[in-house]
Each structure stands twice: as C-alpha cells, then as structure tokens.
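Both complexes shown next keep subunit A, but they swap its partner, so subunit B is in the first and subunit C is in the second.
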Partner chain A sequence: MKPPRVVGMAIDWVEARTGAVAFLAPLLTHHVPRNAKWWYVFGSATLMFFTIQLVTGVCLATLYAPSAAEAWESLRYIDEEVPFGWMLRALHGWSSNAMVVMMAIHMLQVFLHASYKFPRELNWVTGVFLLFTVLALAFTGQVMRWDQDAYWGLGIGASIADRIPVIGNQVRGLLLGGPIIGGETLSRFFALHVFVLPGAALGLIGLHLALIMKNGISEMPKVGATVEPATYRAEYEQRMEKDGVPFYPDAAQRDMVFCGACLVLLVVLAAVYGPFGPGGQPDPTLIDTNPRPDYPFLWIFGAVSLLPPASETAVMLVAPLVGVLALVAVPFFANAGERAPSRRPGMVLIASLAVMAVAALTWEGKTSPWSPVMNAWSALPTPEHFLAGRTPLEVQGANVFQFAQCRNCHSLDGLGGERGPALDAIATRMTPDQLMRQIQQGDGNMPAFGRNLDSAQMTALVSFLSTLRPEFEAPAVIPGAQLPLPVQRMPGEVVTPVAVGSQ
Partner chain B sequence: MSAIRSRLMMSALLAGGIALIPATACDRLPGRPKAAQSAQEGSPEWTVEVFNTSCRGCHAQGAVGAAVPLMDSAYWRAASDEQVTRGVLEGQGMLMPAFGLSGGGPFTPAQASALTRGMRALWGGGAQKSPEISGTLVAGNASNGKSVFDVACAGCHGVGGSAGSVTDPMYLRLISDQGLWTAVVAGRKALGSPAWNEPMPGRPNGLTTVEVADVVAYLSSQRPRSMSELKP
Partner chain C sequence: MSDRIQDPGAHSPARGGDEKPCVNCGCAERTAKQDARRGFMFRFGAVLLGVGGAIAAVPILGTLLAPARRQASAWVSLGSADAFPAGQTRFATFLSPIRQPTDGDAAKTACWVRCISPGKYQVFAVNCAHLGCPVRWFAQSRLFMCPCHGGAYYEDGSRAAGPPPRGLFEYPWKIDGGNLMIEAGHLPGMEQST
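Moving on, here comes the complex of A and B:
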C-alpha cells in the first residue's frame, strides 16, 4: 500500500516550512526497553482519560450555567433536553473516576518498580503534583454539580480550612469567596475547575512527558541490576541503543489496544450507569439529606468520620501535609540501588498497606455504618419470626421498638442501622434488668431513653427484647445467679458459701 | 499483508461498534436519566412509596410488622376512611405518632386522605367498610363484657392463656380503646387471633356486635388510670 503522491507532496511542503516531521519522528521512534510489555500502559491510559476530560469538559462548559441560581437547573437541562447531553455528563463523570483510578495504578506500578530512582526523581515529583491537580479537579468538579453533595462537601472542606490555626478564617473566606457558601463560591470553583487546574494539569503533563523523553522509559526491574547514579545514564543509553525497540509502533500499539479497551469500558459504564447526580437542590434547610463525596474522596470521608474527635484537628491538618511531603520525598531518600520489588520488601509493604487502607476506608465511607438509617423505624418492619408466638405486651414492645426509633441504629435480621449492635440475640447477652438499665441510662454510644419512654413502654420494650434469642441458646443470666441458691437460714445458723465447680 | 488488513478491519469494526452504541440507542440506554417526576398523589405508585417509607415499619403485611397490618383486607372491612385518616394525621394511643403536618409529620390532610383511599384501593380487597360493625369505638357494658371475655377470650388471652394476657395492665396502658376495638374486630390472622365474627374456642360463631362493645368496655375498665397504679 503506497500513499498517493499528493500526500507525500503535502507533507514535504509542510515539513519544509515547519520541521514538524524532523521534530516528531525522534519522539515517535525513540527507543524504549524491549521487556516493558503491558506494564507501561497505565500512564498512556491516564493521558487518554485526561484528553477525554478536556473534550467533554469544553462541550459541557458551553451548556453549563455557572451561577448559583441556575447551575442545578442547567444540569437538568443538559440531562433531559440537550441531545446526547446526559451522555456527555456521564462520560465526563466516569472518565474522571477512571482517570483517578488509572493514575493510582500507574503510580503504584512506578512505586513498586522503583522507576522513580535516578535520574527520574523529577518525573515522580511532577507525577505527584499531577495527582493532586487531578484530585483537585475531581473535587471542584463535584462542586460544579451544585447539589446537596456539593453543598455539604464544600461545607466540610470549609470547616476543615477553618481549623487552621490563626489564619483559618481567612483561608475559608478565600475558598468560599465570603463567609458562607454562595454564588461567589460557585464562580470561584468554576474558575478553578475550567481554567486554573486544567492549565496546571496541561503544564505538568507537558513537563512530565518532556522528562520522560529526556530520561527515557525505565526498564523492568531485575534483581542485581542496581541503579548507580554515576554510570546509570551512559549504560542505559547504551542498552537502549543495542536492545531497545522504537516506541512507535512496538510500545505504542500496546498502549493503543489498552486505551481502546478502556474507552469501550468507559462508554459502556456511561451508557449503563449514566451521569452522576445531580442530587437534591443545595438548600441548607433541607436536613433530610445524606450527602456523600464522590468515589475518589470516600476514603477520606471514611477516615475523617472514624477519627476520635479529640484528634480531628491535628490529623486533618497534619496528615495531608505529611502525606504530600512523604510522596514528594520518596525518590530523594531512595534514589539509587536495587529496583526489584523482591529486594525492597519494606516498600512493597508500604504500598500494600496503603492500598488496603484506602480500599478499606473507601468501603467504610461507602457503607458508613456509623450513620443511623433515619427512616428505618418507619420503613423496616419487625420480622415475622420475632413476633410469632409473642404475648400482646411483647408485640406492643415491638411497636415501642419501632416507635422509639431503636431500629435506626440497631438491626434485626440484618436490616436497620449499624451504629449500635444487632439485637437479634440480645437476650442471650443481657438480662431484662441490664436491658432496662441500658435503655434508661444509655451507655457507650447510646443515648439515654429514660425520659422518652414511660414505664409501660419501657416494660413492653424490655419484655420484647428479652424474647430476642435463638431457641437453642439460653437467656442471659447475671453471673452471680449461677451460684447455687443459698440454703434458707435459721436464726443463728452459719452457712459456708460454696464456690461453683468446687464439688 | 492480510494480517495488517484483518487488523485494520478489526479496528474499524471496534470503532464503529463504539460509535454505534450512543448513535443508535441513545434514548433507550439504561443510563439515561429519567425525567424527574414524582408519582401522582393518590396513584398506586405514590401510595406504595409513601407506605413503604412511612408506614411499613409497623403496619406491614401479615404477621410482619408489630402493629395492625394495613395490607390486610380484614382491617379495611372494619375501618372507615375518616377514622384511618384521623389516625394518620393525629396519631393514636401511645405508640402511633402523628404524621400530619401540624403534628410534626410530613402529610397535609389532603395527602392523608389520599393515602387512606389509595391503601383501601390496593389492599381493601375491593370491599368497602363492612356495614355489619362500626369501625369506631362503640360504648358497651363492662360487666357483661367480663362474662363474654371469660367464655370467649380468656382461654387464649386471659392470665396464663396460650396467647398471652390482654388484661396485663402494662399492655392496656399502651393500647387505646380504639386500638382495642380494632384488635377485637379485625383480629391478627397471621398471629393466630381470629376476627370478631370468626370461630373462637367456646364461641363457634364469633361474637355479636354488642358483645364486641362489651368486651372492649371490660378491657378498658381494667386499664390502670394512672401510672401509680402500675406495679412493674
């Protein structure tokens, strides 16, 4: 297959005036390690998702009204009236999540393979800055939805800023464009989301790519193939000259196949699950709301929710700082020596712990078991097997259980809140007296209900709870009650107590 | 050469396929947001939605749910619409909170009565309120009620009865006279308690309407008048 002569002539014409081919050809054909294979596709996929973000983002910017009064309505307009509008929003939203995920995988791979070692320290540093830029894009993007999640997300962000000593107030004012969340806030975040952060990302990506060209793609780590800063560069270039393969088409085709697969997945996700939100109107007077941050921040939400209250300020302000510094510092205190994961067990451990922590906290944030289920009392019926064969008083007790909203924090049959313990077998653990005391006075995490329930309600509730145990398990008893019953004493008689099990 | 050709063809097919998804079926894709429209007030969908979030916790079907089951035609045969609507708006006894706006709940009077009509349409079994017996409390004679209770009810519902005592002062304290009336009239089939006109041990033909009123009057008379009468 030969291209027509006219194509060649056109290329020559442009080349003579710009030198574009002479500039691009070495970029495309620079040598990359032969053994890199599929490990190195994640960075390209991240770049593809960023490109999709740019394209869909520009399209959305032509439709979105960045004013507090109109933003929410304009999303409805995009979703329902603009042809393909919902698809545009779905692609932008899913691609945003995909970019964060792909970036995390890319970073993890670089970390595990120690590709950040000499001379690629600054590749890593620009990558870390890109990570935070992309997370900032994700957060400001969530604000663009201007729904309840956005409103409360901003509220939480602002109150974290407010905790900064001395200048907290000023930082919050700078963030929100005033003392409260309002029209100014949206304008501010819109400017960040469409001008400042994408500009920063573009610059950082350019730098990142330039550094890749300058330093070359790192080889697969091999036990014993250590990095010696004095000789590394010369040896690397020699190896590439001898054994490398040109980026295009050898490595590029793998990138393209992987990006193609990612693209298919993205379109399917967008088509099946649709756009994110918008949730309810961002009205702070609507308290019947259950705001959650977007996926990339669920783990932070989980962590912050689980912090002991006394440690909140210290952890919220210090942990991010330590995190950023630690990430940036990685290549500086370990920039030479072994790259193979098998020789760096400490680093592998750190990476595994980080992944597990983020995964576990994301799960916690997603399920947020600490949140009461506010409509459980009126929406989740008492299961039949906890009612059958009960006395009228016990059935009324089940009514008290719903009425007093116990269900919002305590589950039966796995349904209900998880803030308190499940009560399916509470009668095996607590006697009626203990139940009575716990409900009246509260304890641990539980508020006292003594003033909310009269003695009839309390009696009914306790008698219902005392039936909650499997038939084959004995009811709870007070430890002392296990002692043999004392012998009826005659006046003057002395009875020696007998310890259990001494016979 | 043919390898390149087939690879090109594959790519073209793939790209075409991706482009086709949104182009052909955009309106029918599952991800397309549905236009936000809440169900019409009083429609079956609306009724079910409201019931599921606000009522089901206590009033679910059969034995599931602790209070009077509303997904049960036996109840709707006994209850009048006005009485149910009033119960929704103002609450009842000590354990049914008010769901009317004025009581801190979510419903306007119009919504409460739409909810009542919607529930009757869904679960009333096509029956209007049975004309045989009043849905609301009728005054009766307590001393007659005691003799009826001893014969017809006490076997199961008396002190030491198999179904547990309904003369337990704590129980009576928690249930209103109207609640007793509904319990006697509608029964709790799924929990083994017959409706007023169904066979009972000692009363193969159930009770008469006058006897229902008398039994309820008797039970009401057993209720402690003040908390100090209660000895837990």
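Moving on, here comes the complex of A and C:
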C-alpha cells in the first residue's frame, strides 16, 4: 500500500526544514550483523521499560505530593481514589524492577560476548554509568514511597555514610539534606528522582545510542575471530557492507516482538499483583517494624549482614568504589583478542560467580535468616512433644526458653528465629555443663545471659534443653567421660556416643 | 597572521561601520584589528559570565551544601521523671527540637529511657549502631534486639552480640523542674561517644 501523496509532501516539507529524515534514516537502515539474533533484544527492552518509567513517572508526579507530611497519604489517595491510579503505580513499580533485570541481562550478554572490546570501550563505560544511574533511580524511587521501609532504608544509607572517616558526618548531612530524616530529605530525593537522575539517564542513553550508531552492533563472537584494533574498524565495515542486514526490518522485528511480549507481561503483572506498598506510615516512633530494601538492593542488605564486624566499615566504604572502578576498567584491561566465551574461561567464571553471588545474597536478603524473629517468643507455641512427659522443672525451663527470647534466635520444630542453630536436638551435641557455659557466656553472635537470668531460671532452662533430642539418639557426652544414664531408653536401643559440639 | 581570512564562507555583505568593502566582491574585509577586537569582546563576555556565575553560585552551592554543616541540637523534655520507675527501661517519644515545618511525622523521635536508680538515667537512641534500624527492648531477657541484622545490646547499652561496632548511642540528660530532659537533634551517629 502506497501512502497518499499528501503524506509524502508533508514529509518533504518537514525534511526541508529539519533534516530529520536524513538524521533518523540511518537508525533504521544501518547494517547490523546477520547473526545478531535474539541475543540482542535486551538493550531494546531496557529502553522500552525506561520509556514506560518516563511516561508513568510524569503521570505520578502530577498526583504525588512530595512533602514528608503528605507523601504517604497522597500515595494512598492515588491507590484508592484516583481512577486507575493503583495501576499507574503498579506499572511504575513493576517496570522499575523489570528495567533493572533487563539491564542486568543485557550487561551480562555484553560481558559474556566481550562486545566491550575495541572500538566499543566507551559503549561499555556509558553502560556502566547507566547501570548506576538506574540503580540510583531505583533507590530514590523507594524513598518516594515514604513508608517505614523508605524511612529506615534512608537510615541504613545514613549509617553507612556516617562511617566514612573524618567527613562522614558531612556526607550524611548532604545525603539527608539536614541533620535528621525529614521534609528536606524527601524533597532532596524527589529532585534527584524526577529531575537529576532521569536527566542524566536521558543524556547517557543518547550517548550510548550515538556510540552504537558510530561503532555498529557487534557480531556474534566466533572462535578465532579476534579483535585487532589496528584493522578492526575497516574490516567490520567491509563485512557489514557485504554481509550485514538492515536494522529495519531484520533486527527490529525481533526487538519489536520481544518488547511487545515484555510489555504485555508487564501489564499483566501490574494488573494482577498491583502496586508495591506503601508499607506502614513513616512515623519513626512506630518501631515495631522490619525494614527491608526493595529487590535490587536485597543482595547488598544480605552482604552487609554476612561481613565480619571488624572489616565491615572498610568493606562497606571501599567495595562500592572498587566495584565501580572494576566495571569501568573491564574494556581497558582487555580490549583486543578473542571474544568467544569458550576462549575466555576466566571471564565466564567471573560472570557466573557474580551472578550466583548476587542470586544467593538476594535469597539471603529475602529470607534474612540472620534477623531475629522479634515476636517468636510471644507468638509461637512450644511444640507439644517437647513438653510431653517432662518434669515441672523442665516445663519451667521451656517457659524460660520463651520468656528469655531464646526463640527469637533459635527455632524448635522449624519455627522461630534462624539467627542461631535450631535447638531441636541440642542435647545430642552439648552436655548440661556446656549448655550452661554457652548460655552464661554467649559468643560473637549470641548475647551472654549470665547477668540476665537468675540461677533458678538457668537451672530450669538447662534441664529443659537437656531433654531436646530424638528418643533414638543418645545425649552428648564429654569425650572420655562416663556416659550419663539416658533418661529414657527404648528397648534394644544402642547407645552411641555422639561427637560433642565444639563450643 | 594574514590580514585577510582566506575562507570565502567567512565573507559576509558589508554592514557599514569601519568595515571596508573588499576589493574582489564588496563583502566586509576582516582586518587583524577587528579580529583582535572580537577576541577581546569574547573574553570580556567570558569574564562577565564568570562574575555573574560566581555570584549566582553562592545561593546554588549554598543551599546544596548547607546540610553538610548544619548540626543542631537542643534540650527537649521527655515528661515527668517520675514516669520512669527505677530498675526499668521504658519507651519514650518526643518531637525533634530541630524539626522543620515540612517534616511531618518524621519529626517524631523515639528513645529508650533506662532509670538505673532514682535520679540516674541512661537515654538510648532507638537507632542500632550497626545500620540504624530501630532496636526493641525485651524486659524479660534484659536485652535490646535489632530486627535487621540481629544486633543485641545489654540493658546498659553495651554491645551484647552481632554486627554492631559499638554500644547504643546515648543522649545527654538532665532533670529540670522534675522533668527528664535530653539533648537531642541530629540523627545519632559515630561522632557520639558511648
């Protein structure tokens, strides 16, 4: 079907005055490698999600009240009273997570295929800056929710900043826009989230795309097809001339299909699962809260909990810098030679380890087994079979176990905190003396209860813990000492000494 | 430097003034003197921009950087000292004495007050010394516990377990007219001694 003549005339009119066609046409007609197939769709999808963010973000900005006194209430208003407001927030929230995921996949693909090698070093560098800009958008976006997670998340950021030697206090002040987390903090993050960071992202995206046009799309890596900076560009252009295919429609069709599918998925997710939060209202005197960062930061939350306290400050402050520098340095440290993953096992290993570490830490951050379960002591029942047939002293000990908040950190029957080991079978690992010592003195991650429990409570507690073992397993013994008489013995049960815990 | 700019594109029709028409085509002829003047004008403009920019930078940098230096605190009352019985640790809240009009609920602040014996207190910030999450007091085990990374503190605020590098932050206190007053302000942090 030919477009009517008037359309052509209109285009000519605009072209004569803007040169837009001459400028834009190469975007569609430039040649891309024939073998650049589905691997190459992730960048486009990231861009699509970014566009969604811009559009939904502007709409949200027309409804949101960026004031600490009203922000939370205005979100409730958007969710409940503005027609489709909840869907707008859902789209913005889901698309934000999707964008981070797409960007990570895109980056991984570029890393595995070594597309960052000559002449595309700066494509990579602008990409790294985009990564951090987008993560900053995600973090400032979490602050926009201005709920308890936002408040205490800022508190975590402030505590990290505060640990910077000498100027920590000043940096914290700059971050928060004042001496406390308050109105100016939200205004400051609002300015970052809606002006500074989107502006930076747009500029970087423009640069990133201009570099792609300048340097061309990289080919699929092939074993032996090494990158030689001296001759690469001429040879690449020759190959594209001879063997390349126009971006539109050959590659664009795949981008279209993938982005379309992503968008449909996004709309479905947003409609089905709705918006994120807001959580509890941002009143810092409501301390019955369990702050968690958004998904993109769970792995950092996980990582800081696993650091040994002695090195923690150093790692928290230095690791991000090292991370940024290492990412920026990648193409400078390896800008020529083989691109095939099979010839770069070290790089593949690094990428796999990084992915696994982030995945594992995210899981840890999500389940956060290191966090005490703050209401376990009052909310959880003592499993019946740990009470049946016990003496009053032992039952008393079971009470102490709950009331001394042991359950917040230790589970019975799989219920309770996981900060310390489950104690279902503790009597097979520790003798009463060892139990007594552990409880009185604690250790690195367990408080010492010596001053906090009196001796009657202590005796009861130890006698209860000494019954915690499966019937068919013998209690712990001190190596070389005489076996204590088992409390109950099944007919024909063989008593085998069990290795004693090292504490 | 040549007196004449060779690039024909630089020729523009004469606009009078002291620009002499050039011999070949009647366009304005560029002299070294004119170039020097244009260069001077450019530099002069740059100086004006610099001066104006420097003055404009005062409020720009001033507002952006001011929070780095603003450290304020003031005495604030937690109510009658009698509300904190000896041997107990109680939750107390106050409005930050350095709040701004736009702070909303965020100006509310919580703390834990331990009355060691009548007239002797310890007032702890709720913020865990690890990453600032709010710690909770458990009277039965006489421990503060943090919900984030499992930091724990004894009743005197000293570190009991977990990742915190130090004990809980404390506010200075005094009794004034029967009221327990604390000196509070900016978020508690590392500069504070235990």
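Everything below uses one rule, namely that the second predicted complex is superposed on the first by the 452 of 503 C-alpha atoms of A that agree within 3 Å, B and C clash if a C-alpha of one lies under 4 Å from a C-alpha of the other, contacts with A are read in each partner's own complex, and residues count from 1 in each chain.
Here is the rule we use: a residue touches a chain if its C-beta (ideal position, glycine included) is under 8 Å from a C-beta of that chain, and two chains touch if they have at least 3 such contacts.
The structure presented is a predicted model; accordingly, all values stated were derived computationally and were not measured.
Participant: What does the overlay on subunit A give for subunit B and subunit C, a clash or a fit?
Facilitator: fit
Participant: After the superposition on A, what does A:F403 contact: first (subunit B), second (subunit C), both or neither?
Facilitator: A:F403 sits against subunit B and subunit C alike.
Participant: So, A:N445: does it touch subunit B (first), subunit C (second), both, or neither?
Facilitator: second
Participant: Which angle, to the nearest 10 degrees, do you get at the Cα centre of subunit A between the Cα centres of subunit B and subunit C?
Facilitator: The three centres form an angle at subunit A of 100 degrees.
Participant: In the superposed arrangement, does subunit B or subunit C reach more residues of subunit A?
Facilitator: Counted on subunit A, the partner with more touching residues turns out to be C.
Participant: Which partner does A:Y248 contact after superposing on A: first (subunit B), second (subunit C), both, neither?
Facilitator: Neither partner.
Participant: For A:P392, is the partner it touches subunit B (first), subunit C (second), both, or none of the two (neither)?
Facilitator: A:P392: touches subunit B, not subunit C.
Participant: A:S67 contacts which: subunit B (first), subunit C (second), both, neither?
Facilitator: A:S67 sits against subunit C, while subunit B stays out of touch.
Participant: First (subunit B), second (subunit C), both or neither: which does A:W39 touch?
Facilitator: After superposing on A, A:W39 lies clear of both subunit B and subunit C.
Participant: Working from the superposed arrangement, determine the closest approach of subunit B to subunit C, counting only CA atoms, in whole Å.
Facilitator: 8
Participant: Of all the subunit A residues, which ones make contact with subunit B and with subunit C?
Facilitator: Residues common to the subunit A contacts of subunit C and of subunit B are 377, 403, listed in rising order.
Participant: Across the complex, what residues on subunit C touch subunit A?
Facilitator: Interface residues on the subunit C side: 64-65, 67-72, 91, 93, 96, 98-110, 126-127, 130-136, 138, 140-143, 145-150, 152, 154-155, 160-165, 185-187, 189-191.
Participant: Enumerate the contact residues on subunit A facing subunit B in the complex.
Facilitator: Going through subunit A, the ones touching subunit B are 76, 79-80, 83-84, 86-87, 90, 260, 263-264, 267-268, 270-275, 375-384, 387-388, 390-396, 398-403, 407, 454-457, 459-460.
Participant: Which residues of subunit A touch subunit C once you look at their complex with the stated criterion?
Facilitator: Where subunit A meets subunit C, its residues are 67-70, 151-152, 155-156, 158-160, 162-163, 168-174, 176-185, 187, 281-285, 287-291, 304-305, 307, 309, 312-313, 370-372, 374, 377, 403-405, 408-409, 419, 442-449, 451-453.
Participant: Considering only the defined contacts, which subunit B positions touch subunit A in the complex?
Facilitator: Spelled out, the residues of subunit B in touch with subunit A are 11, 14, 18, 21-22, 26, 29-33, 35-36, 52-60, 62-67, 94-97, 157, 163-166, 168-171, 173-175, 190-191, 227, 230, 232.
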